[in-house]
Every structure is written in structure tokens, then in C-alpha cells.
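Chain nomenclature is as follows: A, B, C and D, assigned in order of appearance, with residue numbering initiated at 1 for each chain independently.
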Amino acid sequence: MSYGKIFLNLKQTNLSNWLQYTQHEFLKQLSQDTLKKDCFFNYLKQDYLFLIQFSKAWSLAVLKSDNLDEMKISASTVNDLINFEMQLHIDLCEEYGISKTNLEGNDEKNENIAYTRYVLELGYSGDFLDLLSALAPCVLGYGEIGLNLKNFKPDNPMYKKWIETYASIEYQDVCKNVAQLIDNAFLLRLGKNYNDTYKWMQANKIFNKATLLEVDFWNMALK
Amino acid sequence: MSYGKIFLNLKQTNLSNWLQYTQHEFLKQLSQDTLKKDCFFNYLKQDYLFLIQFSKAWSLAVLKSDNLDEMKISASTVNDLINFEMQLHIDLCEEYGISKTNLEGNDEKNENIAYTRYVLELGYSGDFLDLLSALAPCVLGYGEIGLNLKNFKPDNPMYKKWIETYASIEYQDVCKNVAQLIDNAFLLRLGKNYNDTYKWMQANKIFNKATLLEVDFWNMALK
Amino acid sequence: MSYGKIFLNLKQTNLSNWLQYTQHEFLKQLSQDTLKKDCFFNYLKQDYLFLIQFSKAWSLAVLKSDNLDEMKISASTVNDLINFEMQLHIDLCEEYGISKTNLEGNDEKNENIAYTRYVLELGYSGDFLDLLSALAPCVLGYGEIGLNLKNFKPDNPMYKKWIETYASIEYQDVCKNVAQLIDNAFLLRLGKNYNDTYKWMQANKIFNKATLLEVDFWNMALK
Amino acid sequence: MSYGKIFLNLKQTNLSNWLQYTQHEFLKQLSQDTLKKDCFFNYLKQDYLFLIQFSKAWSLAVLKSDNLDEMKISASTVNDLINFEMQLHIDLCEEYGISKTNLEGNDEKNENIAYTRYVLELGYSGDFLDLLSALAPCVLGYGEIGLNLKNFKPDNPMYKKWIETYASIEYQDVCKNVAQLIDNAFLLRLGKNYNDTYKWMQANKIFNKATLLEVDFWNMALK
């Protein structure tokens, strides 16, 4: 598996936090079928509210794009998230007994607010690279988690399906496109000596912070 | 033809400017086959640059949405504009001998900057209603123009095709969806006595200004 | 004491959360001299980072203003926060043995991120009323706390000074100006039947959420 | 006179447009006392509306700042513009027979909209360097014009005063502070080989476009 060289570089520099996130207790329990159903439902409900804000953050990527290629990938990501993923999420929750009304009536937990507003505010205040650095941990982290857990087959069909979703060829393709977008965007703006620039230092700070906010999102679900 | 009651109301209040825009000399010449080819090419080139910024403005509509329905229509509009309309525009220009490189190499004229940045800045500074009031004249005005010119059949195939595009069922459907979005958004936020509110006064100012900036866009093309 | 009718109305509607915030354990301990020094230092360090983001949020108030009066108050608040308050904060911390370098080197805790980014993102995505509803709990809450604790005279000079700052005539004047700004802004935009509008419902949600994020900020300091 | 090395570099690269702006016919007429009073009044009225938007653009500089020093200069510039310059402008216009009500009742001309919204939108979409590149032509150009025209003493006291304002030590100090802010901001972010970066290319495009929009602003006043 490879999600591009920029991501690899960001991940390596912030590896211990990255592993905290991608090998979190929540995921261990999920893959080993020991996760409490309530924790998973907690997660699903917050994740619905998360997706709304996350789609908005991707809309900022359209605004911060410098060329048509960047706009195209960003726009189709926004559209996929809002017109397909969210519907899937709603359908899945329905199947598990959580109605759309229930989903919409929930209040965002503070850990959720911290993460989504951090990314969104950065999307407004920062540039395309700042925003991509904040979006990367979620998109590509879930891809990596999907592959990590691929061979686990928990009996609970909800957990099995969750793993399959992120291990699927469709989701892995999304990851490859986003990784390519990230590689191209960094090289275009910072050149091949990118890791010797002020922006690169900023990108690392942001990537690292977003990763820690992902850790806290799992913590929230386990509470 | 009807594009909803809010649009009708906005249009009636600003009717003389609206007619300046939708019955502009540029359109008379185009429909009567007397428009100089260079003016049309001017227009096509600036319109390509316009579409980039206009798609970005629609991305702000996703960010300013208050619910999933608003997000869905806004997101699919962004995606249609960027992943379909712009490609159509590029293909059409190619057919007329204007290469993609030529399109991208052009400089935005000041009239183009005035209009697009007015809408975009308002999308950032204002709320969903402000933004819709600025987007409406372009989307719905072109729909109305398409219908107005439907029965003109200029010999010049470029002009004929242009009219057909905006008179088409596909484009008229876009207009109906946007009109519905506008009606719902105003009623949700301002209630049925909407025309007795501060926001309504603002919406009219914005709609009127955007209409005048459209007039100037045609003027630019004729220069 | 009175900070205007809009604030009073917002506070009454969300009273139990409001009291959780303004009568928080942190404040009890501070006023009764039982607060651990480390907790207070925690607070001071995070508050420095908070002020940076809070000043940025007030800058958005300049951008979202609809007239010169609104711009004037917002601009002078930004300037006061950045060119005076922050210097005072730095000097005070210096006096307590926390250097400027120390202050700047600290990492924002997640509770701090949640609050500041919530307000900032709302400042970007929302309108003037949304932003004021998010700013009010901090500005006016501290004013109310200052008055509440006015007669407590903790021995610890740091705690005494903290209370005096927010009980001072200078700070109370800031509160009165902001309260007036809020009253005028709501009446201008929503009219005298403001509490019968969609925006008023939104304002209450935001005010309430910001209040809860303030509660979490105190919780963070006590950890 | 020297306004820092970044500005000098930007100016040299775009020199012919720069001279179109700083040696514009409007300025020749003003310095030689041949400018029609109506043209000057046109300018004053549009400049009032310009200042409102320009102050808002400087507020975005606070939001896009990366450190306290950048925030301080930006915040005091916002405050000076709104709480002092605009009052001066109002008082001056009053003296010339243009009431505050008259000033506020004017409609922004399209050339004014093009310039201010271009800068503001870029302040939202771009980063600190993009924004400074768009703000520089106005702030520093007026400084340079003030010095260029210093020895002209038109009989018309309005023209004489206008020149004196921008040639004054106070205004020249503003220019020096802004120039220093620009130099520091570019060096911090791009390093000493700044002119070999993608951002530098962008900065030049923006500086050049803003300069041309200034030219059009003078053209508007002469119409």
C-alpha cells in the first residue's frame, strides 16, 4: 500500500501519534469483536455530524484550489460525501435501528467540535496545503485502518461491514486520488525541496494536531 | 414559466435593471445573427474564467447551508459546474478553434472581476440568503433568456447552439431546482412575511447589484 | 448590573448552563483561595493562546458589520485585545514567573481548540448575529463573574488581581459597549419581535453551545 | 525613499503598470491644478466607500497572521483606518460640502467594486502573502505618490491638502511599518531565495492586478 510520498513523509515525522490513532483501543475492540454496541452507536451518531462538517471542509478545498484539476477532485469529493456517503450512513444507521431523526437530533460532543472546527477554521484561514494537511489524517488514516484490519472478520456484522467499507477497492481508490492530489499540490507549490520550507513545518504541525484530534474522537466513542 | 415566488418578487422589484440585462443588445444581436464573431469569442473566453469563480461561489453555498437538503443541491451544482459544464465549455471552444491553453491563458477583464469577486466576497461575508440573492441573476437569468430566445433560430450554428443550451429541458430543470432551493431557504429563515424584514431589503440590494454587474458583463463582450 | 436586553434574554433561556459556567468550581476555589496554583497557571497559559484566537474572531466582526458604528466598536475591540490586553497578560505572567517564550511554546489543549475554533468557524460561516452570540458568553460572562466575586478578597494576590480586573470600571465599560452593540445589531436586523424569528432560535443555540464550551474550559484548567 | 526590498522587487517587475498608476492623468491634473472639481468629488465619494472595504480587507490580515507581531501591526492599521482615517475623510468632505449622509448614500461604481472585492476575496481565499501583495499597491503607492507630488503646490486648497496628507511624516511612517511587515512576512515564509518560489510568482500576479485595478479607479474618477 502506498498513499504517495508527501503523506508518507508527514506520517513518518509524526509516527507515534499516528500509531496512537490508527491502532487505537477502539479499533482493537472492534476488530476483535469486543467493542460494546453502545460505543459503536456513539461513534456512528457522532460520525454523522462529523460528515456534515467534513463535507463543508472539502468545499473549502474547491475554493482554495489553484487550478482546474484540483477543483475537479475536490468538487467530486464534496459531491460523493454529501450525495452518496451520507445517504449510505443514514441507510446503515436505519438498518441498525437509529432513525434519521435520531441522527439529526444529536448534539455534537466537544471532541467532535474540536476536530471539525479545527479543520474548517484552518480551511478558511489557511491555504490549500494547510487544508490538505488537516484533511489527510481522516481520509488516508481510514484507508490505512481498513487495510490493517482487512483480515479480521468479527462476527458482529456491523463491525465486519465497517472494516470492509474502508478496505474496499472503492475506498482505496478514493485514497489514491486524494494522495495524488496531495503530492501534486505540495510539489507544485513548494518544489522538490519541499521539506526545507516554512510551509512544510506548518503542514507537519497541522497534520500532527489533526491526528491527535482523531485520537480524541476515538476516546470520545469509548467513553 | 415560473422560477418560484421569491425570484419573481426580487425580479419585479428591480424590473428595469432586470430587463436591461435579459434584453441586452448583445442578446438582440446574437438572436438576430448580427453579433460579431469576435464579440462572441470575447464572451466565451471571459465566460470560461467566470465559470471557475462561479463554481467557487457555489462551493460557499455548501458551507453556508443550514441543512442536508440545502447542502445536497449546492454540492451537486458545484460538481455539475466543475466536472461537466466546464468540460462542455472547453469542448465547445475547441470546436470553435479556441484551445484549452488559449482559454486558460486569458486575463480576466475588470468587468468579469467586478462581478465574480462581488459574488464570492458576499458568499464569504454574507449568509446563505445573501449568497443566493447574488447567484440568482446568473442562473435564473440565463434560463429566462433561453426561453425568451427559444424561437429565434440564428443561422450561425454557435449562436443557435447557445440559445438551445439555455432553453433546453436540462437547463430549465436546473433553474427549477435552484428556484425551489431559493424559495425554501427564504421561507425557512424569514417566514411568510419575509418581505417585511431587513434581510429582504438586503437581498434586493444584492440581487439588483448582481443584475447590474451582469449588464456590464454583456457591455464588456460588445466592446 | 445590566448588559442589555438581548443578552438578558439569551441568558434567561439558557440559565442552567449559564450558572454552570459563571458559578463554576474553578471560580469558587479562586474566590475562596483554595485553587491550586498549578490550575491557575494552566488557565493563564491556555488563556494566552485563547486570546490570540479570540482577537481573530473579533476581527471577523469587522468583516461582518453592516455599518460604520458596528465596524468602529469591533475594530477598537480587536485593537484593545491585541495591542493592550495581550501585553497585560504577558506582563502579568512574567510577574508570576511564566516567560513570554513559555507562553508561546505551549500547545493548545483540545478544550481550548474546541471553543476558539467553534467561535471562529462560526464567525466565518455565520453572520454578525451568529458571531455576536458566540462572543457574548466570554465577554459578558467575565463581566458578570467579576461583579459576582467583587466582594471576595482572596489572600493570593494573583486571584485578587484577577477578580479586580474583571470587576473594574474599565472592564465593565467594555461590557456595556458590547452589550449595546449586541442590542443594536439584533434590533436592526430582526426588529422588535426578534424572539419570534428563525435567527433568534439559532442565536440561542449558539449562545448555549459557547456557554458549554466555557464550562469545559474551566474543567480543563482544574484537570 | 525606500519601502523595503520586497516592495521594490514587486514594483520593478511590474514597472510599466506601476507608472501608469502612480503617474496617472488624474494625478497630473491634480498637481497642476487643472483637475475638475467634479472629478475630485467623484473620487472622494468613491474613496469613502473604498475605505470601508479596505478596512475590512486589513481585518483579514489579522486573521491570516502567523504571529503576534503581524497581528499587532494589522490590528492597529484596521483601528487607524476605521476610527481615525474615516473620520478625517468624513470631516474633510463635510468641509467641502459633502455631508456624511451624502457619502453613505452613494452607490459603489463598478471599478470600485472590482478593486475592493478583488482584494477582499483574495484575503479570504488566499494567505497572508497573497493579501499583502494585494494591499501593497494602495498603501505604498499613495506614499510614493505623496512624495512624487510633494513640491507641487496647487492653488486649490483641496488638492494641496490631499498631497500634503500623503507626503506627511505620519503617512510615510505608516508606509515604513507596512513595508517592514511585508519584508518580514515574505522572508519568514519564503526564505531568502523567495524570488525562486511559486508563491513569489503568485505575489507578482496579484500585485500587478491590484495595480491595474488602481489605474481603473483613477479612470473612473476622470469619467
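In the analysis below, contacts are C-beta pairs under 8 Å (C-beta built on N, C-alpha and C of every residue); 3 or more make two chains touch, one makes a residue touch a chain.
If you're wondering where the values come from, they're calculated on a predicted model, not measured in any experiment.
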Co-neighbours of chain B and chain C resolve to A, D
Looking at Cα centroids only, farthest away from chain C lies chain B
Here the gap between chain A and chain C, centre to centre from mean Cα coordinates and rounded to Å, is 32
Between chain A and chain B, the Cα-mean centres are separated in Å by 34
Rounded to the nearest Å, the gap between Cα centres of chain A and chain D is 42
Flagged in chain B as touching 2+ other chains are 56, 63, 124-125
Among line, ring, star, complete and other, the chain touch graph is complete
Chain B contacts chain A in the complex at 52, 55-56, 59-60, 62-63, 68, 71-72, 75-76, 78-79, 81-83, 86, 104
Seen from chain A, its contact residues with chain C in the complex are 56, 110-111, 113-114, 117-118, 120-121, 124-125, 209, 212-213, 216
Per the touch rule, the chain D residues reaching chain A in their complex are 63-64, 124-127, 188-191, 197-199
